[in-house]
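Once you've had a glance at the structure underneath, I'll fire off some questions.
Chain nomenclature is as follows: A, B, C and D, assigned in order of appearance, with residue numbering initiated at 1 for each chain independently.
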Amino acid sequence: MEKYLYIALFAPLASSLFVALFAARPKMLFTGIVASLLIGVSMIASFILLIDVNNYGPLHVTMMDWISAGNLSIPFGFVVDEVSVIMMVTVTLVSTIVHIYSIGYMDHDKSFNRFFSYLSAFVFSMMILVMSDNFVGLFIGWEGVGLCSWLLIGFWYHKHSASWAANEAFIMNRIADLGMLMGLFLIYWQLGSFQYDVVFANVKHLDPAIITTIGIFLFIGAMGKSAQFPLHTWLADAMEGPTPVSALIHAATMVTAGVYLVIRCGELYTLIPHVGFAIASLGAFVALFAASMALVNNDLKRIIAYSTLSQLGYMFVAAGLGAYWIALFHLMTHAFFKSLLFLGAGNVMHAMHDELNIKKMGGLYGSMKATAILMSIASVALAGIYPFAGFFSKDKILEVAFNEGAYFLWFALFIGAGLTAFYSFRLVMLVFFGEKEYKKQGLHPHEAQNFVIYALVPLGLLAIVAGFFEHAFHGFVTKLLRNYEIHIDHGVEAILIAATLGIAISGIAFAIYMYKRGGFPKSLEERACYKILSNQYFIPYAYERFIMKPFTALSHFFWVSIDTKIIDATVDLIARVFYKSGEKARKMQSGNLSDMLRWMVMGIVVLLIFAILYRPTV
Amino acid sequence: MITLTHYLVLAGLLFAIGLVGVMKRTNLLMLFFSTEILLNAVNIGFVAVSKYYGDLSGQLFAFFIIAVAASEVAVGLGLLILWYKRNGTVDLNSLQIMKG
Amino acid sequence: MEHILSLLVFFPAMAALLGFMVNKESIRAYAIGVSAIEFFLSIILWIGFDASNAGYQFVEYFALIPSYGMSYYLGVDGISLFLVILTTFTTMIALIALNIEKDIKNLILSVLFLEMAMVGVFVILDIIWFYAFWELSLVPMLYIIGAWGSTRRVYAAIKFFLYTFAGSILMLVGILYMAHLYYQATGVWSFALPDWYMMQIPFTTQLWLFGAFFLAFAVKVPMFPFHTWLPYAHGQAPTIGSIILAAVLLKMGSYGFVRFSLPLFPDASVYFLMPVAIVAIIMVIYAAMVAYAQEDMKQVIAYSSISHMGIVVLGTFAMNAEGITGSIFLMLSHGIVSGALFMLVGMIYDRRHTKLMKDFGGLASVMPGFATIYGIMLMASVGLPLTIGFVGEFLSLAGFYRISWVMTMLAGTGIILGAVYMLVLYKRSFFGAVVHEENKTLKDLNAKELTALIPLVALVVILGIYPKPVLSTIDMSVQKMLVLMEQKAVEQSTKDLIINANTVGGTK
Amino acid sequence: MLEPISINIASLNLPALLPMAILVIGALALLVADLVVKGLNRSFFTMITVLFIILDLGAVIGYNGPVRGFFDVLLVDGIAIIAQVIILVASAFFVPLSLSHRHFREFEMAEFYALFMFMIVGFQCMVVSDNLILIFIGLETASLSLYTLIAMHNRMKAFEAAIKYFTMGALAAGFYTLSALIFYAMTGSVEIYEIERVLVERQFEPLLGVLAATVFMLGALGFKLSLVPSHTWTPDVYEGSSAPLAGYMSVVPKIAGFVVAMRLFEMLVLSGVTWVEDILYALVVLTMTLANITALVQEDVKRMLAFSSISHAGSMMAAIMIGTTQANTALFLYWTLFMFTNLGAFTMLWIVRHRKNLWDERYQHPFSKFSGMIKIMPMTATIMGVFMFALAGMPPFSVFWGKLYLLSAAINSEYIFLALIIVLNSAIAVYYYMKLVVYMFLKEPTTDDATLFTTNASTPLKVIIGFAAMVTIFSILFVEPLLNVITKYVSSSGF
């Protein structure tokens, strides 16, 4: 079975390296095809492993030693257990589709080959992240996906905004990574190893305070990758990247790495429920916070990005409250319908010649039915309507919140569900129905190539049916993960489900109703609350104003004032003092003979005076 | 009665005079005279002390000093004449080519 | 084989002397050949090196001034082995990449002399000779910076020379006082490091001596606030000068800490641990911020070296195998990476005769190959895993975490700030549209430049993925040294700290 | 009434006089030869002189314990031997500098060489005696000949230098005699060992007298050793006199002076007259520092070297002040190595001397003259650079080892502060030595005509340069034997 593991892991690397050979060349179709094939191979291998793990249990291999110094020794080790295999399957599945999709999407891009090289490299890093059997290995993937997202967000580097967003994403993640590193160091110095099995076996013996610290540090890392408040701003800006990238990295896989980390460290977090609850609360907050921003935004991709944020919030609620398998489940379903949503948006963008403002679209249903249907499916799934995938996972999360007696969280999520339904259908309505605004720009939108549509169909199907695997999934992952049972009597449960469905549907209905009638009045946009939302609570502005500007100013001050004017000047001053004193001493050499003689006599006289005045005992 | 002290005081006074001359004089010739005075002041001292101790080496020293003084004068005057021939003055303020 | 070290030290010097006869046209080939031979010698050294023996190997001893305990005493162990290889390697690469026409002969001869001095510093075990090589290394550098530098070269050269010379004279007094102590203790003169290792020194004396040695090393590293010579030296030096300066000369200082300060004065090192660590952290953050404020690409890298050396120092004073091994590995990686970065800047400077970021922009589209290699080196410099930069940084920080987690966190901001200035540099010069006309026609890397760069890239990746052979060799000697420190420490608290720093578990 | 003195010839031990005698004879012979044979050439004189010096050397070497002789005024002990050897070797190397490519009047005259030999005799007398009279005679013989030699260079500057040197020398002689008088008056003897005995017996009472004598002696020797404030003559005299003489002056008279200073002051220091020690301490620091900072601002290499030699002499006084065997050994070691380096440096100046002052209306060797030399004549520039770094105490060149040993001596006798001052001074010093290197290596040449620099070059000079360079670079190989010999001699003569 190991060979499948290595195939699954290294096929993407091979693809990336192979394609990289042609990176500098103009577009070559076969690069895209080869890449897609290799990723497909990796996917098949992952599925085989899935079955294998299901039958024979986890698989653990150690490839070779990496770092060893003092008591520290870190191998390249990989583990394929219930959790990682689910992640692998999800990742490779979405990746394959995205690769195929990109062949169509990047059709006219001159850096076609480079794109696929990066994309495959990302898949490789992601595989390392999920498959590694120790924290540092995870950190490798962690940084690797960061690098790839930097490369891919800034793929169109000639755009200032793109390269800026890329740097922002990288740096924000670095901030979080520092937290994560601290967590790793603490783990090492406490337990002397980075191996999951060793760590989780012994962590329970540690002093709770230390476990708490570890938990917090690790979660800081997770916050960066999963763009949780306050490190969330990069995700929206990351939409500068090509849409397949947004679909793969910023919706389906990378951003969920944080959730994966928390799930992976389940044994650790179960020991510190208070931290877990904090995580859940933050998640709930983000769920609302992001949804609210999605309400008013007019940028096609940003809306979806915010909804991703909000869904990540949901996952963290589940993970925080200890319902790891539910979090993982939502992670998976979300990957399907969210990537679908993004890829559909990609089609729309192409049709609209990269126009992103949904206010300028409308009535596209006529010209691109398939996309419209797929996106609607995705939106329904997102809104969590029975029997679509979103319903099962999301509803479970609300139940968990209720079950934990965290009614406040439950309420937040409940509201969030409503908002989600509203904004996703606001988007659908504005894009596909209503007035044909695009006519004004004289565009003639057209449907994407067929194979692109076909590539999307599997996702569409999964978005519909994935929910029904719930029990199989539950049974499978809880072999590893702590099981979580919900004990709510059926009456209450039914009411809850009804309520959730109700608010979701009413959200949808409201959206349809309003936008059929030409949307909200303009006057609304003058309102303060609207302004706050449309400016993302002025947080990016605040960062710019209170962090970046002062930092730049301070750096400049250090350089000009401290380094040059003080430190360096002091050094030169010392030298100059000697030189100047030389100039002074030089006057002694007047060259006049009388002066010379006087100096000699003076010397004698002074010494004599000394002899008289100062005479230490013999 | 003239004791050793008187001689030594005299020697001291002469030496002081010599020093002052060395410092003050700007005429090279006078300057050399002053240095001669220094040496002779010492001579007096030596002779007196040597008499006082009844030991010859002092007088020996005095003789040598006289001899050396003589040769010094010879060399000094030689240099002086050289200088005078070149730029017609024996004022030591003319020796100012080199300084700094 | 038993004289390979002497060969390593004096082969370049001999070659330089003979080089006077070689004529100007063929001198470059001559230099590359010589440095290549030297490099292979060092590789042979590595092959012959017994990785299971932590002590000094290939030892050569010859009493020069027996009545005064001065000897010609060579030896190499895990700590110095790779620094020697780094030296020979960088010199070779730098010579390959060299493209100066003016008085190239003098330049090359001085580089070869410099190589002798640098190798000597790392393999010599007699302190007087160490001092001699230490000072000798200044002279060729003075000439290289001052004669082939840019406009303010003479000022920069003199500043570099005087600053480092003045810094090291106190060390001379320290050395002689050590010798005096040794004479007091044993009744014989000796300047041999292994002899000195055996000597226990009273606490207060240790403090003074530590100070005397510290200044010399601190100036060389360079530690805040003795760092101001570095920007000038780098800013004015020709490319080859910057490469060697960054790759090797700075390492002499940090090597000095590991080789002298720690094992000779364990108690003082522990006593000064916190102050030194604070200075190191200031270096990391302050230098990174200053680097961020620079307009000149080369200055950015110059200040970034200060920042990285801060982490090296921190790791050295972690007092545990992880930290010290890490810091030595970081010396190597920083040598390779910063050397490569300076080389890259030099290449673009040769094309455009400017190093200012604002004069570039959009280079990625004009020179993709250049941009790619630059990007790889950049990622190595910000310490991305699986590049050479990560291993050392990770280990150094991990090591120091044992001493103080707050300070480690502060030093850790280096990885954030590092990303900040490096990415901003990359964005400003490589991303965006090509605004300047003259940039549109720039040529991508040529064959010569690639031959110089490819090995560096390869090393960056290989040692990033499989650093074990290097690490384990270093680690063994480091552990030996730590044991020695623990044994000869005079204060119980020192022993406790060293033991505690090297054991897992327990305190927060 | 003085009783007559009866002398026993055997007790005179005339052989002790032999070394001096040889050179006196040599000088006279040279004069006679010049009278009888017309048109003898400088090469002849030079070689004869060298030969006699070698003979002298032969007579000097061969030492067995301290010997007294000639009315016990001669004291041939270890340091006397070493000092003489240094003096003679230095002379043997400096005389051939007369064989320069261009002809100078003084080198054509037999008198020059005769005087030269008399001067050597004078120095020898200074070092082989502990009798104030003989020391005085030696001093004066040497000085008077030296004044004349300087003046023989026959340029305005030379005359000025000679007169300045002479006048101050006369004053110094006055001081010397006065100090001798005071010692004599207090102890009734002019023999240093005798004076010492009496003073120690009396616990140095009256102290004021002792101190006064010391002060005047300091004034006299301070002039010879160019200690502040009696150093003012040095730069002018060096500048005025020809390079070979200047180099000679920077080495030989000083070593003679050091020996006398050792005999006189160490006696005082070691017998615990702290006052002397403190004053010497102050003088040493003052001399080194003042000379160094003044050297920083010189425009002329020769003047710079003059100041540098002042500061070197200062650190030698430090050795005398420390007064341990190691320190005295360090002194001789240092000076031997310093001699060769200085020989090289001044010979170099001698080689690049040009008839006219092309670069500066006053200076012969302004720094600007050397700018870009590496491009015009790389070999010369490199060697000059080596000499400069050696003088700066840069390892592993000659002077470094001397400095090292001196510092070690200072530290071993717990003079840490002194050691610090010495190294700090060498840090200052490195700047002005490096200034020349900077000019030679880093500046652009003002001319590309190499012949301007080689008008005075000749084979003998080149040979000497090569030799000096070899010694300077590979000095490490000679340190061990030198150390052994010097230590043996010094310790055997009780210093």
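Operating definition for what follows: a contact is a pair of C-beta atoms (placed from the backbone, for glycine too) under 8 Å apart; a residue touches a chain by one contact, two chains touch by 3 or more.
Owing to the predicted nature of the structure, the values given are computational and were not obtained by experimental measurement.
Here the chain-to-chain distance from subunit B to subunit C, counted in touching steps, is 2. Centre-to-centre separation of subunit A and subunit D, using mean CA positions: 79 Å. Our note on geometry: subunit C versus subunit D, Cα centroid distance of 44 Å, whole angstroms.
Put simply, the C-alpha centre of subunit A and that of subunit B have 98 angstrom between them.
In terms of their C-alpha centroids, the spacing between subunit B and subunit D amounts to 26 Å. Contact of a single residue of subunit C with at least two other chains is seen at positions 162. The set of subunit D residues touching two or more other chains comprises 163-164, 167, 171, 235-236, 431. Chain contacts: subunit A has residues 586, 589, 591, 593, 597, 601 touching two or more partner chains.
Listed by chain label, the pairs that touch are A-B, A-C, A-D, B-D, C-D.
Residue ranges on subunit A touching subunit D, taken from their complex, read 578-579, 581-583, 585-586, 588-589, 591, 593, 595-597, 599-604, 607-608, 610-612, 614-618. Of all the residues in subunit B, the ones that touch subunit A in their complex are 19, 22-26, 31, 92-93, 95-100.
Those residues of subunit C whose C-beta lies close enough to touch subunit D in the complex are 64-68, 103, 106, 128-129, 131-132, 135-136, 139, 142-143, 146-147, 153-154, 157-158, 161-162, 165-166, 169-170, 172-173, 176-177, 179-180, 183.
The touching residues of subunit B, counted against subunit D in their complex, run 8, 11, 15, 18, 22, 28, 31-32, 35, 38-39, 41-42, 45-46, 49-50, 53-58, 60-61, 64-65, 68, 71-72, 75-76, 78-80, 82-83, 86-87, 92, 95, 97-100.
Note for the complex: subunit A touches subunit C at residues 23-24, 64-72, 136, 139-140, 143-144, 147, 150, 154, 157-158, 160, 163-164, 167, 170-171, 174-175, 177-178, 181-182, 184-186, 188-192, 209-210, 213, 551-552, 554-556, 558-560, 562-563, 567-568, 571, 575.
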